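Each of the two complexes below includes subunit A, the first together with subunit B, the second together with subunit C.
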Partner chain A sequence: MNKKTGVYICSGCEIGKCIDIDALANIAKNEYNTECCINHSFLCNDEGIGIIKKDIAEKKLDAVVIAACSSRVNTSEFSFENNVIIERVNLREQVVWCHPPNDEDTQMLAEDTLRMGIAKTMSILNPEPFIGENLSSDILVIGGGITGITSAIEAAKAGYKIYLVEKSDKLGGWANNLYKQLPQKYPYQQLENPIISDKISEIEKFNNIDIFTSSEIKEISGQPGMFEILISQNGKDKNFRAGSIVMATGWKPYDATKLTEFGYGRFKNIITNVEMEHLAKENNIIKPSDGKPVNSVLFIQCAGSRDNKHLPYCSNFCCGTSLKQAKYIRDFNAESSVFIIYKDIRTPGHYENFYKEIQNDEQIFLTKGDVVDISEENEELIVTVDNTLFDEQIQIKVDLIVLATGMTPANSEELNLNYRLGKGLPLLKYNFPDSHFICFPYETRRTGIYAAGALREPMDITSSIEDAAGATLKAIQCIEATKRGESVHPRSGDKSYPDLYLERCTDCKRCTEECPFGAYDETEKGTPLPNPNRCRRCGICLGACPERIINFSDFSINSISSMIKAVNIPDEFEEKPRVLVFVCENDAYPAFDMAGFKRLQYSAYVRIIPVRCIGSVNNVWISDALSQGFDGILQIGCKPGENYQCHFINGSELTEKRGENISETLEKMMLEPERIKTEFLEINEYHRIPEIINDYIEIIEDIGPNPFKEI
Partner chain B sequence: MPKKKILVVGGGISGITTAIEVAEVGYEVVLIEKLPYLGGRVVKMNQYFPKLCPPYCGLEINFRRIKQNPGITIFTSTIIENISGSKGNFTVTLKTKPAFVKNNCTVCGECEKVCPVERTNEFNYEMNKTKAIYLPHEMAFPWKYTIDENVCLKNNCKKCVEVCKYNAIDLEATSKQLQLNVSSIVFATGWYPYDATKLDNMNFGVFPNVITNVMMERLSAPNGPTLGKILRPSDNKEPKTIAFVQCAGSRDENHLPYCSGVCCTASLKHALYIREQLPEAKVKIFYIDLRVYGRNEDFLNKVESDKNIELIKGKVGLIDENPDTKGLIIKAEDTMTGIRKKEEVDMVVLATGIVPNKIDIEKINYDNNGFIIPGLLEDGIFAASCTKRPLDVSASLKDATGMALKAIQETK
Partner chain C sequence: MQCGTCSVICNLSPAEKPFPRKEMIWAGWGLKDKLLSDPDIWLCLQCGDCTTTCPRGVKPGDVLASLRNFSYLHYARPKFLAKLLSKPKYLPVVIAIPIIFILTIIYFAGTLTIPEGVVNYSKFFPHLYLNISFSILLFLMIIGMIKSIKVFQKDLKKNTAFKKHKNSLLRCFISAIKEILTHEKFNKCRYHKYRYYTHLMVFWGFIILLIVTIFAIIAVVFFEYPLSLWNPVKIASNFAAFLLFTGLTVMIYNRIVNKSFAGNSNYMDWVFLISIYLLVISGVFVQIARFQNWTIAYHLYTLHLVLDWFVIIYAPYTKFGHFIYRTIAMTYAKYVGRE
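Entry: the complex of A and B
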């Protein structure tokens, strides 16, 4: 269908002064036969917007092309009724602000940019959302510890039905074992009774929470809104449907039997912090060896933590826990003395007040130090500590040693996902689930499944309670977005989804393997089975598919190809090379806008196409560009690697990997490998843009024009 | 019945997060910010620890989420003056400063060129100046100029009005009051750095080469006063030796009794900025305890393995100046050896802590340190992130997301 398209060119903000607007208008009219083409000196003011609105209504336009400023600005001004396609052609930030005015090359760039915009408009459709059948608004919470209980209560308060599945025969998890907890109330100096029993009584009051204790997840299949859950309760199967999942399976203490250097297992009177809590809860702090009372206790902090042989990380809670235990040991037995040997005492925020309180007790003795030896003599443990604050080695004799051991995350494979990419959540370092842990902490790579509590990172009860609320909000949000047929973060609100022309699929499995979010399952043969509600709309599958059968209605093989083909390529004798630049629209595109704002100048030989993720670039666009006569292709994505910045996790890495295949293709075409280059750019590195572009143009000029130009 | 709205007070990363998360569930939300732009403290940061990535990256995604979501209404330069009513049915009074620059500003920059008045730039912690009409920073959202009404000559000048081709400046604009009916309110009013001039022995504000950690962040930022070059203020030369004083005013009964939880890792990050930019420079970090939490431990390992960075467990007692070199003489005790040190460095960075912003509203109770006491909040009013206790960005976002849930519960 040929769309009725209106083109609106703004001459404000220096645009009209720097380029020939009439020439642009002629392109719209003559080359694309658009319904109308209007020039306006101030398109974003009421008058300009009014003209567009009137045309949409009267001329019944299907699409408007606004050739003015970047799509990143004036977004609300240039938004019209839903069914009109809106395409923004960036003449301001990426043409006139960064190239010389009234220059032939600037003009050619402006004209091609407009051509690309119109061509794209002609080749896309407004997305119709995928809305599945029998969508569930219920939430599955896995794990009945403090995090899971909080999640269930908070979701229930928001009006949702919850299925809470707990492995053991009662709720409460680790928190059940607590004797006391750290102060949560101002002035944060007194130990408090554990909150868990109140929480357990609270949860029982809700009739929209179904609790399954002694239950395990046997299988989870499906997708957000349509998760099919199979559980086994005391050996009996039960199944239900849920819309989203909060995974709160918690933590395990680090295995103290591995801590032979601290004598665990060798001496009976060496216990862990977890065991200490048990003794206190039983009101029975005694020496395990002979049941006699304990008059002196020594805590070894970071026992197996901050230690590359054991847990390389800090578990956050152990310092506070030891201070708490020191306090109640002193409360139990006023004659007792306590020693705490630490690397650093870590008591963030208000916990510092409690630490101060402890320091006021002269019978609690704290020093930085390294425990170098533990021996036993006359039923006493002798601890040798080096590198202390006294600048000498000291020996301390005590009845009991407590090892402050850290947390390890539960195994997320308990989810038992029936997914092509595995049963659990993909892991980041130290077996915690992967997430954008600074900016978007809840974004696990399995859509609709949100990790919370100590499973996600080491945390104490207060943090777990906070974390549960956050993860629950995300679970609710996913349910609501799925009902609207919209994507969740980071392309929140996107209604497009991948449409596969499976008749032409060769079962190569690239889409199913490369999707960072595990959106695809697979038939036995290897044919992809898409799950649109798991999809985050990054387009990496589109980029992966060698048969080019994966498309979104507003982002497709055809839409980008038609942009590439819309560019006028001068012949080689004009000595005007053309470089196609694919930019990640999240980071590189704004950086190009900023370069424009800063009036940084770079070669006007580039033609920029933003893509959802650099990983969504399909090789066919590269061969299209080369056969079209582009001399070089630059792909600019986000930083890959351990500290990746790609919002779709591994788009940039996939680009690098695919680059190797492209080099082979180039070789076969007898083209130089330099004709394709990948760069990584952070959003605030706009100052690097002139260098990146101009250096590459230089390389291209050195190797000469693309020989396919003349064909 | 019209849909109930949720009000979020504070447009820093926490408030932005609460507002977006609420709106993406499908609720209407009003987000107010006292400054003319969103982003609060994080927008002034060069990089986040431990990834060393720019905050703009996540903010850009958040701003896009805001732009495309009609459920979010933003009022910048706006404060909350009064709350009446009760949960599910609050009436709030908002006050917006005069919008001298209208929304049709195209950021062409002509006004700035002709403006004759300068002001100190709070965005760069007073390390440089802007004109009275200025763009708060290059990626400011909303992206438009603003006028500092305290210094603008208004009708005695009008040069900006004359030069603006887009009729975007209205010096006659007045402040506006607005009343809204909302079902719940989330305070995400954030924090400010502790005032280092209160630290007598540290001589901040007396000796120019004593700076604070937030200033270091601006000195390292490509859009900062030195365009990202780490230079010492007295002579704009590259420092060869830099000392960090941890817990500057923190864990100290006379100043902030609590630990802010972020300053240790922030200083480690600054040490890495310095090492990256000035490979010969030597860094000394004086600390009480190195509090680098959770998975950030490997960030500490990275710093510890750098031979140019020295970590000294010790308390700095006094900072003096060598009048000839403008270098700083640090007197400190090494806690491990008991040896008293006295040495000269080119620059000192004070790792100051987080102080919660207070809002002058009757309904809110604060503890002695200025933190909101959540248990004493009226039903339907919530406090997010650093208003309750000092938190880093990641933990703030967790809590801000959780408060979004609390807020929507009240609309039921």
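Entry: the complex of A and C
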């Protein structure tokens, strides 16, 4: 399709001083026959932008190519009416700032970069959003504990209708079992009555919250905006449609019977913190063995927590809970004494004030230490503690031992998703379903389903309340973005979505299996059934598809191929190798920009193509590049593994796996395996870029030119 | 919080089992026996470095100070004297004791009237009576002190935390004395240097006065009393008075104004400080009164004597006792290799 394209080249920010702008303009005019090509010394000021706007209006441009700075800067300046395609050619950060000025190779790089930009513009379309039918703005909240109730209240206040589904016959969840709660208000020194009853009476005031108790989810299908929910209340089925889902099914205490090293089950007078709360709730703190009153209690902190044999993580709430229980044990019985044996006392935030208050009680004894032995003698438990603060082993005789056990997440299979990739949420570190705890809290790997509260990570009531509000905002954001046909996150506002040319599909299931977000369902035959609203637009399916039938309107097999083909490859006698670099847009591309800010210099033999995710690189591009005459291909993705930084979870891992297939391709083409290399770069590792690039160029120079150059 | 900043910041704390962190933990758990038999509480010079740097607002310096105050009570023999001195309500009694005592002696000396003519204190309180009665009391005080020391030593030995006996006791004692004379350790404190200077002044003021007093007792034989202002003995004692007055003034000022680092001062601190302060001031006035022939000279002299006896005789039972306990603890610490 022929587009009316305007090319605008900025000569500000040293660009004009370092490269020949007129030569660039000639390329646009002569090679691509663009509608117009204008040089300006300060394109992002009012005058420069005025010129572009005027041209768009008068010359009826379909596309503008702005050859200036990185697309990551001046985004609001260079934004025009929706129907105009805007392509930014990065002459500043990735050309003039990191290559020698007025140099032949720098000039060639600038020219190729412009060619790639124009070629891409010619081969893409402005996306038309997918907007589903009968979109629902209602929110399903699963779990009627403190998190679920708060989430429902917050969403109701924002004007949304909520369906709250609770398994048991009344609302409240774990919080119902509490005798007292840690202080929530200044000066954070006194225990308070649990706030759950206030919350329950508050939720009943809202008429836009439908509460289903004694209910469970039978099936969820569909996608954001169009979730079909089937629940069963006391055996009776009910169904409704919801726009997004907040999952707040909470936690289970760690199974104390596994804690044999702390004598649980062996001695009757060893209980868990949950059992302690029950005793207190009944106003009856007694020895389970004989029902006699308790005069001394010892708490063992981190019982099974921060311990690789049990739970390797800190559950966050146990320290505060033990301090709380110590306090009320002392309030019940002024003669009692309480010992707390800890690894560290962790009382985040205002709870530190409560900890200080507890330290002021002279009958509460705290020490760091390891419990090495527990025995029983004359109805007393004798606890031997080593590595104490006293620098010696001590023995303490007590009536009762409380094990401060940790939290484990509830089973997310209760969602009963009718998805190709399973009923529940994919579990990540420590089996919690959060998708990325730093960048994208609340998100799970199922778009439109947000985890909140102790299901997401161990937390107490105060944090759960905050968490509920955060997840609810995400759920609302999802509903609104879906209404506009936009991606929610991380590519917020992206209107493109995968378009499948199913006639040519071979039902190989690569897309349905590799999608990290389970966006595809499948027919029985294995043909993909896309759910655009579940899609995060990462393009991993595009990268996976061997038939190349998956494309986005502005990111396609064709658009990248035409960029690759736009590069002028010098013949082998010029001794100017060319290396194609696919960079992840999320981490590697900004890192290249930062290298530019820092004026780090690297070889000008590279040609950089940003991709949505390194997992979206299709093998066809690699063979295109090799047949085009590129001497090497470098793929730079985000950090994979346990502490992955990939926005799309496993793009980098997929690239590594696909590497095997690529070697086959190379073998077929009789090429050296070194011609393709994958690197992982964290966003802050811009200083590594010159080393990565220059080392690779050296390898390529050693291997020699690509034999396909002559063809 | 168990950050250990207090022990790290302290320049006096030994590398092995440093104080005051372990003392704070013992105190938290109420382990009285461990604390009382701990020589470390006496190694602390209460410079306030730990209290100043504690991120938690805990005051280890104050805790050790009150542990020392508790020790005066605990080790004092006879105990009732220490008890009398520790409570404000007994203050009239403890003041009355030296007054009655002095008046009784003067009564028996037969000089219980204000003498006429040029002021000459020996007319009021003959030197012989003064020296003999004072020496007897001093002797009694020393007996009490020795008894206290014995209990203290026994407790120190009970302490099993430190066992490495490797040094000669005498050498340790001499080294401790040397340290005390130079205030070498005191100079290591970081934040509140004034304490080094003030204590050095007060300490040497006392030492000079002690020497002068001993000399004065012997000198009755050689010099004609009263001494003239330019007598070397008088010059030395006036210099000492100056040191004491200046040092004490700064100490008292900081205790009132800068509580944050000078620490909280309790009754025992004040009894000790004020009594020596008044002793010094009254001493100076007694001297002025003599040269100026003031009529209240003899009243001042009586006051001065009362204060003098108060300070000296009660020494083991007040905070003054620190010179005994510290010397012993410092020697012991060296003896068990805590340096």
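Everything that follows uses one rule, which is that the second predicted complex is superposed on the first by the 710 of 711 C-alpha atoms of A that agree within 3 Å, B and C clash if a C-alpha of one lies under 4 Å from a C-alpha of the other, contacts with A are read in each partner's own complex, and residues count from 1 in each chain.
Note that in this section a residue touches a chain if its C-beta (ideal position, glycine included) is under 8 Å from a C-beta of that chain, and two chains touch if they have at least 3 such contacts.
The structure displayed is predicted, hence computed values, not measured ones.
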Fit or clash between subunit C and subunit B when superposed on subunit A: clash
Which of subunit B and subunit C A:R548 touches, first, second, both or neither: neither
Which of subunit B and subunit C A:N353 touches, first, second, both or neither: first
Which superposed partner A:N586 touches (first subunit B, second subunit C, both, neither): first
Touched partner set for A:K29, first subunit B, second subunit C, both or neither: neither
First (subunit B), second (subunit C), both or neither touched by A:Y313: first
Partner chain(s) touched by A:T367 [first = subunit B, second = subunit C, both, neither]: second
Touching partner for A:N387 - first (subunit B), second (subunit C), both, neither: first
Winner by number of subunit A residues touched, once subunit B and subunit C are compared: B
Partner chain(s) touched by A:G470 [first = subunit B, second = subunit C, both, neither]: first
Those residues of subunit A which subunit B touches in one complex and subunit C touches in the other: 356, 368, 389, 391
Of all residues in subunit C, those that touch subunit A in their complex: 2, 17, 22, 25-26, 28-30, 56
Residues of subunit A touching subunit B in the complex: 12-14, 42, 44-45, 69, 72-73, 75-76, 154, 157-159, 185-187, 306, 312-316, 344-353, 356, 368, 387, 389, 391, 429-430, 432, 436-442, 457-459, 463, 466-474, 476-477, 480-481, 484, 488-490, 492-493, 586-587, 590, 594, 597-598, 638-639, 643, 645, 647, 682-685, 687
Residues of subunit A that touch subunit C when the two form their complex: 356, 359, 362, 365-368, 389-391
Subunit B - residues contacting subunit A, complex: 20-21, 24-26, 48, 50-54, 56-58, 60-61, 64-65, 67-69, 104, 106-108, 138-139, 143, 165-166, 221-223, 251, 257-261, 289-298, 301, 313, 335-338, 367-368, 371, 373, 375, 389-391, 393-395, 397-406, 408-409, 412
